Every structure is written in C-alpha cells, then in structure tokens.
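All chains are identified by letter, namely A, B, C and D, in their written order; residue positions are counted from 1 within each chain.
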Amino acid sequence: MDKVIPSIDDAIADIKDGAVIAVPGFFACGVPRDLLQAIIRKGVKNLTLTCGCGPLLGAATELKTLVLNGQLKKVVDSYGLFRSASKGMADPFEQAVRNGTIEFEVYPMGTMAEKYRAGGAGIPAFYTPTGVGSVVEESNVTNIEANRTPKETRMIDGQKYVLEYALKPDYAFIHAFTGDREGNLRYAKTARNFNHVMATAARVTIAEVENLVESGQLDGDDVHTPGIYVHRIVAVARPQFAITID
Amino acid sequence: MSPKVKFEGLSRELIALRVSREIKEGSYFNLGIGIPTLVTNWTEGMDVIPQAEIGMLKTGALAQGEEVNQDLINASCQAVTELPGSCYFDIAESFGMIRGGHIDVAVMGALQVNVRGDYAGWSNPGRGMFVGNIGGSMDLCAGARKLFIAMEHTTRDGEYKVVKELSYPATALGKVSMLFTDLAVIEITPQGMILREVAPGLTAADVQSVTEPKLIIGPDLKEIEL
Amino acid sequence: MSPKVKFEGLSRELIALRVSREIKEGSYFNLGIGIPTLVTNWTEGMDVIPQAEIGMLKTGALAQGEEVNQDLINASCQAVTELPGSCYFDIAESFGMIRGGHIDVAVMGALQVNVRGDYAGWSNPGRGMFVGNIGGSMDLCAGARKLFIAMEHTTRDGEYKVVKELSYPATALGKVSMLFTDLAVIEITPQGMILREVAPGLTAADVQSVTEPKLIIGPDLKEIEL
Amino acid sequence: MDKVIPSIDDAIADIKDGAVIAVPGFFACGVPRDLLQAIIRKGVKNLTLTCGCGPLLGAATELKTLVLNGQLKKVVDSYGLFRSASKGMADPFEQAVRNGTIEFEVYPMGTMAEKYRAGGAGIPAFYTPTGVGSVVEESNVTNIEANRTPKETRMIDGQKYVLEYALKPDYAFIHAFTGDREGNLRYAKTARNFNHVMATAARVTIAEVENLVESGQLDGDDVHTPGIYVHRIVAVARPQFAITID
C-alpha cells in the first residue's frame, strides 16, 4: 500500500475553505512547517486549526502570514498567546482574537490530548478531573461569548469531573522523523508530542517525513504510529528553525 | 490591596533550592515555567526523575552549543539533553501519566494563592482577555499527588499574592499543600496557613505584614536553611 | 425450528475465497475465529492489510517449524509470521483503531443472523451460562466500517441460522451488511435480505427453503463465481 | 532509581489475601507466568484476577492450580472459557463459575483495554459504542446475579453509547522482553498486548523481564512502557510454553 505523494502541494490539493486541520507541535518542536507553508500557498480560507501547545507560537512566521492573509476562522489550543502582554498587543493573531475576527478556544493541554485520543479511538466523550474549580468546568473557554456553551459536571466516587467530548478534525498535518511507504511513522524524541494522537483523530492524515524509507526498514516494534492512521506521505528536508519562543 | 512594605528575601535560585529539599528521594516530579524550572539546577545527584509534559521522563541539563537538538526540548521550550534512562512518549500518554496520579510532586508558579490552597496562575485579568494560556497547569493540579507553589511573596508593586480570596481566575481549588516564596515557607492545611520557615533576618511579623490572611505560627518556626 | 433439508454447498475454504473477493484493494480488515480466519489464505498478493486485535498490522502467513516465535501470534492464537511493513502496538491502541472506525471491513462468524442485520455469536445458550466469551467481537461490530458474516447456512442439525428473530444473545444490532454462507451470498439492506448469489447447482428456492425470513431475489441473481 | 528485586518471591511479598491483580497476556502470549507461579507458591487467597483476553486459558496449568488451591474469588476477562463446551464441563474453573464459588465477570475486549487505560490515565469513566444492543449495555455481565448492576446509556449525536468505568487493580503482573533498572520496558511483538495498559493502571506494578539491562541500554524512543509506571523488576528466564489453546 504505497501512500507516497511526490509533491506536498498535491498532498493537500483536496483541502477546501472551511476545513478543520489539526496542527501538532509543542511550541517550535515537531511542527509540520512544510505543510503549513503549503496551506499558505494554497490560500484556502476560513480554516479552523486545532492545536495542542502553541505550534503557531513556534512557527510564528507561518501564523502571522495565515492571519494577515485572512485564512483563519478559529484556533483551538491550550497555549496560543505570547507570554509577554506587550508582545501580544503587537501580534496580529492576538489583535484578531481581541477584536473577535478570529475565534480562539482554549482547553487544558491534557484535555486537548485526550480529545484527540478519544476522537481517534471511538470514545465520544469522557470525564476528567482537569479544570474542575476553574472557568473550564463552566463552559468552553472562547473569546466569542455567543459560542460559550455550558459544560456538564458529575460526581463519581465523591469527586467532581467535567464531561469533555472527542475532537475529530478533517485533516491532520503530521511531522515525523522517519516514515515508510505504507505510512508507519517514527518520531524523534520530544518532537513526537501531539503528532501521534492527531494522526489517529483526523479523517485524512497527511504526514511530512524527514526520512522516507521502504517498507520493512522500520522494525515493527519501533513504529510509533501504525500506517493505518496515515493516508498520504511526503518527503521533506529537515526543517531549520530557532527553538526559542517569546 | 497593597501591604506597601518590601522585604529583601531569597533570590529565585534560592527559592528553587529550598523547594528541591522538599522533593523526596525516589520521586517523579514536574516543574512549571518560572522559578520552578530552576529546581532542576539543585536536584542533580539526587535520585529523583523530572517529567516534562511534552513527553519525556528524566530530562537532562540545558543543552549547550553542539548539544542542542531541535527535537529535544523541555516543556518551557528550552533545549535540553538526555540521560541514561531518559525516555519519550506521546502527549496522551504524558497527560495520562499526569492526570493518573503518577507524578509525586508538581511545582508551579502562581499569581495568587489563598488560605484554602486555591491558586490562580493561568490568566492575568490585567491583560483584558477572557481567554489565556492554560497549558498543562490544570492537569498537573488535578493529577499530581502533591502540589507546591514557588513564587515571589508579593507582586513587583508590593501587592499581596498570598490572599484571602482569589481575585484572579482560579487554576485549581484546594490543591496547594506547600508554598515557597522569597520570604517564607508556608504549609497549607485544613486549619489554615502555617508559617514554617522565614527568610534569614525576617520575623513572623514581617511575613504576616505582607500576607493578607492570618498566618498560624508553626510551633517549630525557624529560619529557612539552605 | 428446523428446515429439515441439507444442501451441499461451498467448503469453508471456498466461503473464505468468496469473502476475499469482497475486500477492496487498499483495505484494512480484521478476521474473526472460524471461517473468517481462512480469508487470509486468499488475500495474498492483494494490496490489503490484515489487522489482528492482539496488536499487529499486516500479519503474515501461519508460521511453520523454525519460523514459530512464541511472541508472535494472531488473534486466533496461531503462530504467524511478519512481513515488511508489519508493526505492533498495545491493546488500547488496537481497540482504539477498531472502535475508532479505522478498520474498513471486519469478517466474523455467527450463530444466527436476522433480516435487520442483527447477529448472535458470542454466547450459545445451550451451554447454560449467562456469561460467555465476548472477546473482541462487539468492538469490531461497533467500529468496523463494514461488517461481513461468514458461516454455514444452517446448523449441523439442519436448523435455521438465518432467522427472523435472534433466539441467541445478540452481539450487535443492525450492523451486518453482507452474509456469506456455503449456500449463498446475501446482502442485508433496509428493505430486507437480498439474495445476490447462490452456490453452484442450487436455486433461489433451495436457499429460501433453509432460510427463515423471506428473501428478496436480487434482479441480477447469479451463481457464486470463484 | 534502581527498582530491581533479586527474588521473585520478595517482589510479591506484600501481596495479601483479597488483592486485585491484573494479569496480561493474550491467550498464551505475553503472560507473566513466573509471577503467577510465585503467587501460587505464596498461597494468598480470595484473589481477584483482572485479565484481558484469556491469559488463564494460555497458562492453563497455573489457572487449574489457582482454582484447586481455592485462591480465586473472582476473574474479570473478555474471554475466559474453553471454546469447546465439553472441555469446559471438565474444567475446574468453569465448574466453579457454574456453581458460583468463583465470580466471572465479562466485558468486551476493547472495553477491558479502555478500562485499564482510563484507570492509568485518570479518566474515571468514558462512553463507548461497544456492547450497545447486547446484554453488555444492560448490566455488568457476571455469573453472580446479585452483583449485576444496571449500566447507564446515553445518546450523543444521535448514537447510543454505554458508560463504562476505569479499572485500577492493586497490582499488575507484567511480562516484558527487556527492562532496564529504572523500569523502562520494551515488549516483543504481540506479547505486548495488555502489558502496557495494565502497567499504567495498577497501584503497584511488578515486571518480570527476560533481559534485564542497565539504564541507557534502551534508546529513549524505543521504550514502550516508561519506568514511572513500574515499581519492581525481576529478571526471569525466557519462558517455555505451547502456543495453542483449546
């Protein structure tokens, strides 16, 4: 089952305006930069990017371009604003969030991880202790007040839990260190982060890989993401980027 | 409300040192951004293992020069090194580990802590936004067996951070068991805040003067030993 | 209730062959115990990948002699081999894969199938126990995009297995889309059971005589081609 | 953090009557046979063994001994009876289940997997489509009628789901191919099966490993079960057993 697509632009050719795309990466680490640049070139609009821990702060140039191009409708993340309030004020994304032209919805990081994991694993909803006692238990936390809907809580064995739902994006953009032609992937160190769960959750998973190998070159016990989750693979050069974020 | 006075206390590095003394041998621990990140500078040589929520156990020292690998960072987005026994895992496993009660101690920074062990850290209302950076803080509060806060005792402007009631949005309620500041070590119990240690040269009254709730003076109150 | 008649139909191997023709190139599939397990004998050379719920993608042929590795079995507890591209994962990932809709086709055995696509397979009440072996069957029913049943058309004693109402405990309701037996290929639709193919030498009336619910004769009814 | 215990009997020394122990293995594959034999030697009684897919059919000698010694109070599994009804009638475990002296509680295999995963990951309860339309949605499926308690179901986006709860055993017995002194584990091929999730779920996880190595000999990206989940490690010889079950 050969899933290799030679051109990254072909690999995202079917993505249309309004698509929901999962973007992994923990700040600068493990972000699918080439796929983000391809979606910028394609120019599709009205996108919802569902993230996990600030990949758009780590890929700040791409974020800025997406915002200035007017391609974003919504971002979902656990951490998406500059830490420094003054830097934030100057940031086009934060400005768009402040004036409501882009929706920004925030969840605890572990809840984001679990929402993808549930989406991939056929679990429609789960209870979690995370967020109890904070605004997170009251509604989804978004800058668009009209989109805040109350959350359910429940006592189980004397402890309070919040009900959270699965997240199933249309597409997942994945960055892996090694991938074989059938889509088996292996990540490098902490660049794994959200890549695996997002690959399981999306309807269509597109992986950029630094090292494309033949089937059989990855030992079966060394595979991090089984190929069944991966629909398209593209070889990319090892990205060059600065690790630090503001 | 502002206590107006400012005392000279421990440096951030020394707060981190004091925290490190409270992490028992054999513990797995997780450190938040800020003063907590400095704790690893003092745990080298101890038989303890740091977890980074990005998906790593046993993070090593900060990476220097040639050691820097763009695929190896800690949760504060700093390049780190690995050690014999370090391992990596995906984010759902990482937060399963955190939420599931496998982390013995989490050390977090805070904007405010109150007498019931509630704390606020994820959102500064001064920024004027309902949304903010939650990150992994609420998961760590929910799952770590013990939650420590390490912070400056008052704000830069000398306002209370140890308060009667949170005025900032809560990160979690009733979870903080120990508070480490530049001025004091305070234990949070069902009876209230017990002042256990004060910074060298300070009195209990000094610490009380910059602390909004009434402190219970620990029977064995002493100077912070470093 | 017993239809009394017994017809000679396809062997178990040939039922499996007919099933294999319905697995599209590019599919991921999972096979239950019994006739379904034989399907892999016919999918070699096809661009399809079997999943074994024990935690393996791309199971190879049964292992012979020196090839046998006690750490490498399929879900029917048979020693198997691996292929280039085979991979392994833990059981929660395996059932996440199944429940999450990533398996294109599951092929299961059954004790009874009814006209609405309900089927019974996990418990034979004749054994006289409320408990039984559920295994992975209900997960596969819940999650596979298509569910096929491969079985003998009647019991050894000639009783109906294609029934109006299940008398055995259900494995899942309304999930079966195709039924492959020694006598026929039947599609299950909202309109009812459509007889698509009959075994060589049999008529639609023959198949109906050993089938409890009324079959709709497919407009292009034909002999099973092998 | 050296977690190695030289003697397997010492590794289970604190297990008391009434303990709940997770036993991995998919039929004969990946079963912690040495730990099962140690618990037989120890003779503790009133045990609940929570399994996943018939490890006690795969380790039939150990099961028979546990039953005949009167050590078992309850078994939880997805598949625990001989397929052949006549073999079952002759089996001491099935006889005990039939006469109610041992409780046998059955769940779908994926629900078992998810109950452990939830237990390890701090998720107290989750919704699943598995079992809807069967007796599984009505109550827990056990031979002891008095212990059947109704289950909750719920419609989410027009589909029916069953609410299932986390499972957190007191102990997990783990069998791994390789383990380092700090408890990082790596499994061989399909012997992984229930080992990882059970290791995460238990209060105390005890691993028998065929190859005990020093810290650092397992690459960090090759570890299947991070050492944080493993409390005690014992080196054992590679077990010898027949793969087939009845």
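Structure notes:
Definition applied: a residue touches a chain if its C-beta (ideal position, glycine included) is under 8 Å from a C-beta of that chain, and two chains touch if they have at least 3 such contacts.
Keep in mind that this is a model prediction, so the values were computed, not measured.
Listed here as common contacts of chain A and chain D: B, C. More C-beta pairs in contact connect the chains of A-B than those of the other pair, out of A-B and B-D.
When chain centres are set by their Cα atoms, the one at the greatest distance from chain D is B. Put simply, the C-alpha centre of chain A and that of chain B have 28 angstrom between them.
Chain geometry summary: the mean Cα position of chain A and that of chain C are 37 Å apart.
Averaged C-alpha coordinates put the centre of chain B at 56 Å from the centre of chain C.
Within chain B, the positions touching two or more other chains are listed as 56, 82, 88-89, 92, 95, 98-99, 142-143. Touching two or more other chains at once are residues 114, 117, 121-123, 128-129, 187-189, 192, 220-221, 224 of chain D.
Judged by the touch criterion defined above, the protein chains form a pattern that is neither an open path, a ring nor a star, and not fully connected either.
In this structure, the chains touch in the following pairs: A-B, A-C, A-D, B-D, C-D.
Residue ranges on chain C touching chain A, taken from their complex, read 26, 28, 47, 49, 51, 56-58, 82-89, 92-93, 95-103, 142-143. Interface of chain B with chain A (complex): residues 52-56, 68-75, 77-79, 82, 88-92, 94-95, 98-99, 118, 122, 124, 126-139, 141-143, 169-174.
Of all residues in chain D, only 26-30, 52-54, 58, 78-81, 83, 85, 88, 97-98, 104-111, 113-114, 116-117, 128-136, 141-143, 145, 177, 187-197, 224, 239, 241, 243-245 touch chain C in the complex they form.
On chain A, the positions that touch chain C within their shared complex are 1, 117, 119-123, 180-182, 184, 200, 214-216, 218, 220-221, 223, 226-229.
Residues of chain D touching chain A in their complex: 114, 118, 121-129, 156-157, 159, 161, 165, 186-189, 192, 220-222, 224.
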